[in-house]
Every structure is written in C-alpha cells, then in structure tokens.
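We just call them A, B, C and D in the order they show up, numbering each chain from 1.
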Amino acid sequence: MKRLPMTLIAGAALTGVFALAALISMVWTPYSVEGMNIAARLQAPGAAHWFGTDHFGRDILSMIMVGARTSIAVAVIAVGMGMVLGVPLGLLAAANRGGLIDEVIMRGNDLVFAFPALVIAILITAVFGPSAVNAIIAIGIFNTPVFARVTRGGALSLWTLDYIRAAEVAGKGKVRISVEHILPNIANLLIVQGTIQFSLGILAEAALSYVGLGAQPPLPSWGRMLAEAQTMISFAPHMAIIPGFAIVLTVLGLNLMGDGLRDILDPKLRRAR
Amino acid sequence: MLGRLKLGLAVLAMVATPALAQRADISVGLVLEPPNLDPTSGAAAAIREVTYSNIYEGLTRFGPDGSVNPGLAHDWDISEDGTVYTFHLREGVQFHDGTPLTADDVVFTLDRARDEDSTNAQKQLFAAIDTVTAVDPLTVEVTLTQPQGAFLFNMAWGDAVIMSPESVETNATNPVGTGAFRFVRWVQGDRVELERNPDYWGEAPALERATFRFISDPSAAFAAMMAGDIDAFPNFPAPETLAQFEADPRFSVIVGSTEGETILSMNHQNEALSDIRVRQAISHAINRQDIIDGAMFGYGTPIGTHFAPHNPDYLDLTDNSAHDPEAARALLAEAGHENLTLRLMLPPPTYARRGGEIVASQLRDVGIRTEITNLEWAQWLEQVFRGKDFDLTIISHTEPMDIEIYSRPDYYFQYDSAELQAIIAELDETTDPEARTELLHRAQRHISEDYVVGFLFQLAKTGVANADIEGLWENAPVPANDLTGVRWTQ
Amino acid sequence: MLRFALQRLVSLTISLIVASMVIFFVIEVIPGDPAAYMLGMNAQPETIAALRRDLGLDQALFTRYLGWIGGMLTGDFGTSYTYRVPVSELVLARMGVSLPLTVYALVLSTLIAFPVGLIAAARRGSGLDAGIMGATQLGIAVPNFWFAMLLVLFFSITLQWFSAGGFPGWDRGFWVNIKALTLPAVALALPQASILARVMRSAVIETLGQDYIRTARAKGLSARQTVVRHALRNALIPVLTIIGLQFSFLLAGGIIIENVFFLPGLGRLIFQAITQRDLIVVESVVMLLVFAVILVTFLVDLAYAAADPRLRRRA
Amino acid sequence: MSLIRVENLSLDIHGTPILRDVSFEIPQGKVFGLVGESGSGKSMTSLALMKLLPEGGDRSGRAVMDGRDLFALDEDTMCGIRGNEIGMIFQEPMTALNPVQTIGDQVAEALIIHGAATRREALTLAREKLDRVGLDGARFPLDRYPHELSGGQRQRVCIAMAVALRPRLLIADEPTTALDVTTQAQILDLLRGLVDEEGMSLLLITHDLAVVAGVADHVAVMQHGRIVEQGTTEALFRTRAHDYTQRLFAASAHRPEREPTVEDEVLLEVDSVRRSYALPRRSLFGPTPVLEAVRGVSFTLRRGESLGLVGESGCGKSTLTRAILGLEKVQGGSIRLYGREPISPTMPNPLRAGLQVVFQDPYGSFNPRWKVSRLVSEPFHLMPQTPADARDRINEALTEVGLTPADADKYIHEFSGGQRQRIAIARALINRPDLIVLDEAVSALDVRVRAQILDLLARLQESHQLGYLFISHDLHVVRAITDRVMVMKSGEIVEAGETETVFANPQHPYTRELIAATPVIPADWTEGKTHETLV
C-alpha cells in the first residue's frame, strides 16, 4: 500500500552490508585476526590485503568484519537492556500518571540524564575493569531513561483514549491494559527509537573502546582500531580512515533507517495524512 | 678526586662553547604531568623529570652517563671501614627563597626521609644510615650501620635532594631548591614554567626560561612536535613516528638507553609457572626482535637477563632463551601443560599494551592461551604489584641497578632462591669493584638460567628535539631532564 | 511563575542529595589506593600507611562522606590527594577552559543549526531539504574524536594554521585562546549542529501545521511573515530543550576532545584524577557536572515558562 | 447586488475530486448558509475562496469580487485581501489562537499587517473590537493569553480579529460546532449583529440545519462536492426540492418510534454522590482549592427505562459518568447496581458485567491492532471464563447491530464512523448487560447516520429490556430517545422529570435558557413534511 521511503531502503542496505559482514565473520574471515605478521605490517590496501594491514601485520578487512560483530553485538544488547528496563518503567509511570510512582520514576530519569555518560562509563570500568560487558552496561544504563521517557510519552496519549476506558469497564487492570492495549500501540515508537539508540550505541561503543574501555584485545573493535591508528595516521592513513568510515557508514545507515521507519510507522505523521 | 676531575671537565666543556644563543627559552614535552613537585614524597617519575637538578639538587648528582658526580657536596671523605661519610658542602649556596644552604638543611633532609612518618617513596635508599650530624655549617657527617657500596649513588637520587625546613611543607606546589632554575608557575593540567636562577652557585645555564608541557596523548604529542608547539620531547611516547622525525631536517631524534629492563613477569605462586620447564618454554616462545619491532618499532635492545646493556658489568645471555617454538612445545609437553591458559595483565604504557598483544600471539603459537586484561596504573599496583594476583604481566623496571629485586621473596613475582639472595647480600656489603663485577655476573647468570621471568628488552630512550637544540641528555640513568647544559645553537 | 520555580527548586535539591550519595559511594569502591599509586613500586608499607594518614584516608567512609558534603556546602571541596592543592582551585582553573569551549561549541552549533533548520523547514520536501537532511545525518554519524583527528591532521600538521592543541591561558590575551579553542569547538559543534538543525526543522514544520498558523494566514500574513511572527517562537520551545541538553553534554562530553587537543579542561582533570585515584577530585568534579546539568535543566524549564505562558501557572 | 460570485469552482486534491462546479453568489450584507454533512466539501469551498488550500490542490473556476477574479490574483495581492476584505474564523477556537501571544497583539496584528495602523493605534482599535465582541476591558485586558479564556471567549477573539478591518465578507467555518449550546446562541447573535450593523456579508458553513434556519438569508445544500440545491432559506426549507435535502431534513427531525415498557426493578441507584478534585494551589502555602465536580446527585434508573442527562461542558456529567462506570471512587454518597451492589473501582467482575458503555468518539474507541471479533468480545474478560459459544455470541451481537459475522475478522479501520458505533454497541451488548451508559454516543455522527443509530438503540432497548443512561449535550437527541431527563448544572441536577413535560414546560431558569438557546427550525416551515418522508 505505502511505498517504502528512499531513506529506509538506503539505510537498510548500508546497515545490511555491515550486519552481513559481521555474520560472515563468525564462520570465515580472509585472515585470522589474531595471527600477527610483524614483517608484513603497515601495508597499504592491495591485492593480498584489500584494506591493508595494521601495525602488527593483521588484515584490516578481517578486523573490520569482526569489529562489526563487536560493535553491533554491544549496541544491540545495550539497547535491549535499555528497552527491557525502560519500557516497563515507562508503562508503570504512565499507568500511575500524576502519582507518586510516576514522579519517582521521572525524577530518577532526570537524575540518570544528569550524570555525564562517558565519565560514568569510565568509573564503571574503573570499578569492574574494562570489558565489552561493562561497555554494554554503561551504554545500557543511559538507554534506560530514554526508553522510559518515550514509552511514558506514548502511553500517556493512549491512556486518554476511549478504548482504554472500554477495557477498564471490561474489568481489566492497569498491567493487563498496559500489555494488551498500550504496548502494541507504542511498538512503532519503540522501534523507531530503538533504531536511533542502536546507532547511538554504535557511536558510544566506538568512543568507549577508543579510550580503551570497550572490548579487550585481541578481540578487534573499531574504536580501538582508531585509537591505535591515530599516531600512525600520517604514514599509514588507511589504518585510521577505514575503521572511521566503517563507523560513519553503519551509523548513517541506521539513522537513515530510523528516519524511514518513522515516516512509515509514526502514528503522528500518519494522522497528518 | 675522581669526582672533582669530572666536574672540572664539565666546566671546561661549558666554557668552550660560548652561549651566544638567539633563543633562550625552551618548551619541553612530557607525557605525564607530575602530581606534585616534591620528589621526596611521591614516586612519579614526572616529578623528577621536571625538578631533578633543575630545581633541586642532592649531595651528589648523576651525569648524563649515569656516573655519580659531586653535587651540593663538592667533596667527601669515606672512612676506612666505609661506614662514615664526611660531606663538604659548597660555599654560598642559596635556596631560591634566599635562605643559605647549611649542614642543618642536610641533616634535616636525611632525618626527614628516614623518619617513620616519612612518605619517601624510596625509603630503602636511606636504610643504611645510622646517624647524620652537622660538624660545622659546611660539613656533614653520615654514619652507616654497615658499609654500603652504593651509598654515594643513592644520595644522587631525586628522592635524596636537599630541602630547607622553611620551604619543605610547600614544596609540593611551590618548589624551592638550590638548582639553576627557579619555579615560576604551574598551570595544572597544562604546563610548569621555570626561569633562570640568577643567584645560582654554579655556571649559569644558557636558557632563561623553560616550560614543561604535559601531553599524554601520543598523537597529540606528535602533532605538537610537528606543529612546533614543543621544542623537545625527551621521552617521545610514539616510537612509530620517529622515522618521520628522522626524515625531517627540522628535527633530531635522540636515541639513548634507560635503566628500564622490560620483562614478562611470571607469578611463581602459579602452579604451572613454578615449574621451570614452563618458564623456559615461555622464554623460548618469545621472539624478542618481533616484540621490539612490533611494539617499539625497532627501538630497544634485547636482553637475556635483568641488567642494563650499557652497563660495563652487563652479560649478553639472550642465547639462553633464544626464539625456539619447537623447544617450547616440547618443554610444555614434557611438563604436561599442552593446553595452558594464563592471565596476562597489562599496565598502560605502549611497550606493555602492544608488547602484550604480540607476546599473547607468540604464546598462542606454542599452545598457551592468554586472557589479556588492560589495567590502569592504580589497578596494576593494587592487583598485580601488591595483590600479587596475576599470572603474567609486562613491566619495565626503571630503577638503576635493581637486580636485587630478585632477592626479595615477597616481591610481586615471588621468586624465592636462597642462592641468589646470598649473592645479593654479599654484593650489598662489597665495595671492591672487581668483586662487585664478579657477583653481578653470577647474579645475572643465575636469574637467566633459572628463567625467573621472560627477559624482553632494554627500554630505549627515544627523544625528539628541534635540530638546533643541543645538550639534552641522550640516556636516562634516572628519570630527569637536566636543562643546565641545554642551549640553542642558532 | 514563582511557585513553579520553587517547586522545581525543591525537586532539584532532592536530586542533588541523591546524586551526591550515589557519586561518593560508587567512587569510593573503586579499587586502587591513591597513596600506593603516588609512592610507586619501591614504597614500603609503612610509608604508604603514613601517606594515608596524611591524606586522611584512614577515616571511616561515612565520616569522609559527611566531611565532603559539609565542606562543599561551605564551598570547601577538600584538597586534591595528588596535586595537594584545594580542589576548588583546580576545578576553577579547568572551568576556565571547559566552560568557554562549551559555550564556543554551543554558539557555533546554534549559529549553524538555526538558519539551516529553518531553510530546510521552509523548503520542506525540496531537493535542498533532502540535501540538508542528508548532510545532517552524516554530521550525526561522524564520531567527533575521529573528526578531531582529521582536523588536526589537516589544519595543524599539514597547513599549520592552528596549533595542534594546548591552551595558552587567559592571561595571554583573548584571541590566542579563542584560536586555540577553535578546532576543538568545531569538532564538538559539528554533530551537535546536525542534531539541532534537525530538531529545528521538525519543530518548525510541526508548528506550521497548527491551526493558529492558518488563522494567521487568514489574517493576511504572508507565508514568510507567518513563520517569523508565529511559527518561530513556538518552535523554539523544543529547540530550547535540546540546547540545554547539549550544554550539559558538551561540558562533560569534551573529555575525548580535550585529550586529542591536550586541553587542560574538566574532562582531562577527571580522566587524570581517576587514573591517579585522586578520588576526592573525581567526586567533586562529577558532582559539579551533575549540578551544572540539573541547574541548566532548571533554567531551561524557567526559560520555557517565559516562552510559553501556558506553563507559568502549571504545577 | 452580489458581493462575491463563485462560478464553476472545481477542485481536486492529489487527483481525488473534492469540489465539482460549485457556483453561488453571496449578496451584500446578507448571511449565506452552506450546509452539508462532513466530507461534503463545504470547508474546502471556503479555503478555496481564501486561496489557503492544502498542497496538491488543483482548482478551476472563478470567484469574482467586485470585478476581480480572486483565483487569478497573485499571492501578494491575496495577502492584501485576506483579513482585509475577507475575514475568516474556524471551527476550533481552542487551537486557533497562538498560545504564546497576548490576545491584544493578535487582534492588533491584523491591523498592523495591513498597514492600517501603528502599533499604538492598533492596540486601541483592538480594544474597541474586543469590546464589540463582548470581551470588556475590565475582565479581558489586552495582555490576556488565549489559555486564560474559555472556548467561547476565544471564538470571540477570533471574530474580533477577523472583523478588525471591517472586511466585506466574513467566512465562518462551523464557528459554533465546538461550543456549548448557550455559547453557540451568543456567538450566532454576535455574528448576525455584525452583519446587520457593519453591513458585511457572512458565509456561514455548518452541518446544523437548525443553525442555518436561525441566521441565514440564503442557503446552499452541499453533497459530495456539489451544491444540490440553493435558495432563500425559508423557501428552500419549505420546498426541499432535492431528495437529498429531504433526507437531510427527515434525519435531523427524526424521532425513533419507541413503546417503552419501564419495569419497577431498579437497575441503577445514585444516592447523593459527591466528587471533588484538588486544584493546584494559588499560593505556595495557601490551602489547596477544591473543584466540586459533582455535589450530591441522586437518581434511580429502572429496567427498560431510558434516562437522559443533559448539561453543558464542565457541568460534571463526565465525572458522574466515570463514577457510575466504576472507574472513579466517589467521596460521598453511593452508587448501587440493581439497587444493592455498590459500584466502585474495586467492584467484582460479575457485577461489572451488568453495566456497559458506548463512547462518543467512534475513532478512539477501538484498539486499531485488534480484529473486530476480539474488540467485541473484550467484555468476556468479566466472565469467569470465556463462554464456549463465544464465536456465536460475537456473530449474534454483530448481526443484532446490523453488521455481518464476516465483519468479525476485519480490522477497525475498515469501517465508517457509523459502523464503528454499531460495533461499539455490539461490544456493549455481548455480555447481555442490563444497563448501558451512552456517553454522547451519537454526537459525533452525521444526522442521517445518527438517525439510524437512534433507531437501532430504540429497537435493542425493546428486545432486551435495557436500561439506558443517555448522556448528551444535544437536546434534540435527548428529547428523541429518553423517557425521563435530568438537567445538570455545575455539579447539581437542577431539574428532572418526564422528558416531554420538562421540554414543554421547563421549571428551572437554566433549563429554560438551554431550551431557548437551542436552535430550531420554525415548526410551520416543516409542517407535514417530516412524516411524509418518514414513511
């Protein structure tokens, strides 16, 4: 009925490429990302190594592929965590709108928002040591209030509708109504927000592993590749430019996808038609 | 005697090249900012890199080659039994706040360092001291409990610089010493500024102003050098970029040696690592040249034991642990550790982080899996160094002549060998050079043949400077940037 | 209006108290002993103990918390373990870098975002609009530290127009510092500008769909006049929120950028303090940042009320 | 002579035809009524005249105003005409004003834009205009903001704005639809007055025949984008040449035939119920002011009886409804079902099953993601377990409300507003309740659909002996479907009694006011006609 917007197609395509790379990397990469060959280090892109090699002589293409896996995994799980924690909170707040629970939840949200994300991430890793898991936790924590807010916002507008009244008259409780009526009808909002958070997650993961707080070696991650490449940018630019583009393109893809999804899913825009 | 002669030569050298420098200011790049400016409480090398023999001076001082020269004491006598040192202080030496240097200041300094409330990071330097007394305003007598071969050497350390009671409390933030440069100001997080001390007792330095700038990020350091924001970077953090500086006529690259033996430490409490065959296997699995090339881009000297190659008493024992994966696998099989998994803890420096990744892949080749954990310094000190909770770690031991650490059974790698402990104990009391050399050789051989740890390489001092600057230390016998001899040639 | 302000003020204080506890007790469990860090590898245990006494680290945790809070209320943030100077001094000095940088970046991003967003909204659906939207998408997707790397490579190393980083200090005059902050500000501003432009656009488009816009047109206002006189002010409200958020984000978010350009800012201070386990500094700075954010949110709320009369009497 | 003459106005939007050959003349100083059901294109006609059509509009035809074809003018000239020679007001006064500008500025702006006055003069003029539309300076200073005004007051501001420059034509698009009946009357008077005094013409667009009958001199009836019939009001009302017109009239005057058999059994007993809300404090420490929404309401409703509850917005009827539905607890008095079981948010499900509801908005009343079968059967939740014959009962309910079992598998968006109300009724019926609350159940429907639904309700009441609590602001409807009626004002029932008696001979002044305010088509205009069309 509706034809898909260009943004959605382009975005999905871009994202797809990296998702695919990540999938393939689970079974096959051109070279082992752990195998070092000091003799063959810092090679510019060429026939043997399409994206060249890094300072340990590792194949950058392979590392990009596995790195995609890392980034996507971290981002997806972090967003998942944000949803799992945030959506129920949001539903709860909306169900008790104006009540104490609502107030507490929303103030809690503001508080989390008030903390400087990167600093907290650094602290978390200072406490538990750096690892992909802690990166996920750090990112997840800051996703939670976002979803709580979006959920509450969407839910509040639904709670004013008559079919919720009807459900109440049919003797249904807040929880049941939230699950049966509210959740399915804010799914679109959540999908759109999810995509956006996903792309932000990729950026965050990159930033964290850039400062060395993300996935630990030998597991490659785009952010750390950038960090390692930084001092060599002037004589081995490919080491910095390729992972950089990997990040930019993935995030770009996801954002475009988010826009596209919003265009076809967001009820607000649909009512506008 | 010897010391005096050396000084004379040094002075001649200075006079020989008249200081008609156009520029008299310099900005020196440092990786780490000193937490404070009091080297007598706090171990941070950065403190010494700013203050040593620029602001503070000790009774004796190190020369660029690590030799011990007269400092605030122009001369000294040692009693026959080697337990009484009488130092003769220079005349007319003033602290930057105008108070004159007297024997009392020396007594105060040494007593303060030995006190039980002392927060001196190298307290063991003063362990041998029994009493310190001021004979007259310019003479100090130090009595030792037993003869100590390295006492004059110890007194040259940054932790033994002389301070006056008037200023000692504030030295952390407003250092007052006797050195050729005066403290001007410290913009925390950015730089420390010094200026020439007009009342300096010795030869006035060529530089009028010196700024130490703190740039921890290697690429930022590179950019700063390239952009000319920094004139000299004595310990340049990014060896990979040195080739470019080499190629660039604007810069000169100064490659020297440090006292930093970089080793792959092993925890002898670990069941597997307590087996010499496993340790030997690991040592054979390591390819030093690959590590030096891959991590330090070729800068560094392979070592086979815990001793500085530039030291006359050094023995090259690298063949004991030549790269030989076959042998390694065989040894592991023999020890029954075909599939061994070890935790590799890595502190922040490049040599450790990059070296660690290479070591990990080299061990993988002989069938040892490693779990890498990158740690901050504080965590490393807490967990590895004090908690002794690790299997492997890579660390550079930068104290000079520190082979004695292997004689401490409670040291973090917990190596307990009566034989070695005997050697070191003997060494400590020996003053006769030949005898010392002999003992040092035995010690080197012992730890090498016992494969106590994996000996990787001697950390190189890789500095970059504007080509028109001369007089920077090539080597780093101790962490220091002695600017007294630095000048612009045009 | 006053009541509104007071209510927000109350919840603000509660937030701050909760925050202070979270901050203090989380940070205190960080492994790693400042004294041990300062004294290094050869230090003897009793030396470390002595230093801990010096630093007052031997007191009970809760006592230290009360001390900390009490001190802060009287404006005394304690003394840095490693630097041995009052924390307030440190923070103030760093503020002199971070605050200008933040404001600079914010001004840049706003100056870019407003016109861009307006044009896109006005030309909705046109090729220009599509182009702008694409560009902003790209802007959002670029990690600022990577962008910073490229800026340095190009403007400092290759062209040598700007110094690669560092901060002369305000006593060295105004423009030199502005120049020093330019690259960092640009690196920070690009993504923010992109976001802001998008918000601006959608906000304007949304308001243009409102009934009162139609009323205005019926009054005889031209399309342009309608945007300027009616759409803009209403669209400003969401935009204001974002600007508020961005301020707080930039204030703390500069860490990485401050590293790339070795600026002595708050971010760097925290970073150093954490590695050196200068916990009291970490605590105070984080607290300060949280306070700043909460304060800004509060101000933004007031700004709302000023911009939107409907909020003035709302509870 | 005519002020403006529209010739063969046709309009397509994105290819879909909206208007076809619309032609009419608006005489100088007269009121021209444009009547039609929703979607008939009457609003588009007005927007076309203002040249404020949405994008993608493709217009043909002419609109000649003193010799000039408006459609031929460029945008700038048009801006000069809008608000200056042609003013316009819209249906939704709540959103028609810029929330962040004072009413003074907004009225003044109209003057300033057209260079008719400096800001100072403009403001004084604005003052005059606001006084003229009945917003006196004492209570409504210029610096008031829209949100501080009621709907009717805001509509007055809109009017002041529109007539600020004494335009020769004022277009009013459903100006009173969103307002209460008494307010509506005032606004209509105001408009009529402006026409008479300022000699301007008024194009009045509405769906309500009675409104037109009251104020319009000429009427045009629109259907599917065409004008099917037009003429002077009385003539058109009397003749009703076009059969669509006839059907329209029939529907609006329609009364379902009912022989109510009211039993003695009490279904609902409301006993001196009170409900009040705390309002935000004025001062920080002052006492919290309280809004008493319902203050001591009592009544009973018997099986088979249909009881009406009329009142204007804010009179408390919604609150009362929510309490009766057991969605809100009451603070005083009691509500009992079957005269014994107390109704409350915590009431047991079996009891709830006796009580169902139909809401006003046919669009907001259904979860868009559910199939009709699931929507209709939601009240099964009240049963201990879903009945075995669920499917049959769904089909039965659907058939009862005039839909087919096949509809059970469709989604709600596939149905029209009227059909949706039928589904809502089916949902209410599924549990065989005894009492159904009809909360403005037909208010959102077009007259003809409304007539059908009323018939349906009447039929169901008889077949199931249902009790109806019929809540509405529309007196016509209440009169048509209820046996007894209660009039509610500011939380109290001011009058109650047999519907006919109350309407024929209202006792309470407020009731009189209401009835007086309700626009009616003069009886003699429609004599004899209604029944004809009915049979």
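Criterion: a contact is a pair of C-beta atoms (placed from the backbone, for glycine too) under 8 Å apart; a residue touches a chain by one contact, two chains touch by 3 or more.
Quick caveat, the model's predicted, so the values are computed rather than measured.
> When I count C-beta pairs in contact, which pair ends up with more: B-C or A-B?
The comparison resolves to B-C.
> Centre to centre, by mean C-alpha position, how many angstrom separate subunit B and subunit C?
The mean C-alpha positions of subunit B and subunit C differ by 40 Å.
> Can you give the whole-Å distance between the Cα centres of subunit A and subunit B?
It comes to 45 Å between the two C-alpha centres.
> How big is the gap, in whole Å, between where the Cα atoms of subunit B centre and where those of subunit D centre?
Each chain reduced to its C-alpha mean, subunit B and subunit D end up 89 Å apart.
> Please report how many Å separate the Cα centroid of subunit A from that of subunit C, as a whole number.
Centres of subunit A and subunit C (C-alpha means) sit 22 Å apart.
> Enumerate the residues of subunit C that touch no fewer than two other chains.
31-32, 149, 157, 259, 274
> Can you list every residue of subunit A that touches 2 or more other chains, as numbers and ranges?
126, 230, 233-234
> Would you give the residues of subunit D that are in contact with at least 2 other chains, written as numbers and ranges?
none
> Which chains touch, pair by pair?
Result of the pairwise touch check is A-B, A-C, A-D, B-C, C-D.
> Applying the document's contact rule, which stretches of subunit C touch subunit B when the two form their complex?
On the subunit C side, the touching residues are 31-34, 36-44, 46-47, 50-51, 53-54, 82-85, 90, 93-94, 149, 152, 156-157, 160, 163-167, 169, 259-262, 264-265, 268-269, 272, 274-278.
> What part of subunit C is in contact with subunit D in the complex they form?
Residue positions touching the partner: 2-3, 6, 210-212, 214-223, 225, 229-230, 233-234, 307-310, 313-315.
> Quick check: in the complex, which residue numbers of subunit D touch subunit C?
Subunit D reaches subunit C through residues 50, 52, 75-76, 79-84, 87-88, 90, 92, 95-101, 109-110, 113-114, 145, 147, 158, 161-162, 280-281, 283-284.
> Taking the complex as given, what residues does subunit B use to touch subunit C?
My answer: residues 33, 35-36, 41-44, 116-124, 172-173, 187-190, 213-217, 219-220, 223-224, 226-229, 348, 376-379, 381-383, 385-386, 397, 399.
> Mind listing the subunit D positions that touch subunit A in their complex?
Interface residues on subunit D, with respect to subunit A: 325-327, 349, 352, 355-357, 359-361, 364-369, 375, 378-379, 381-382, 424, 427.
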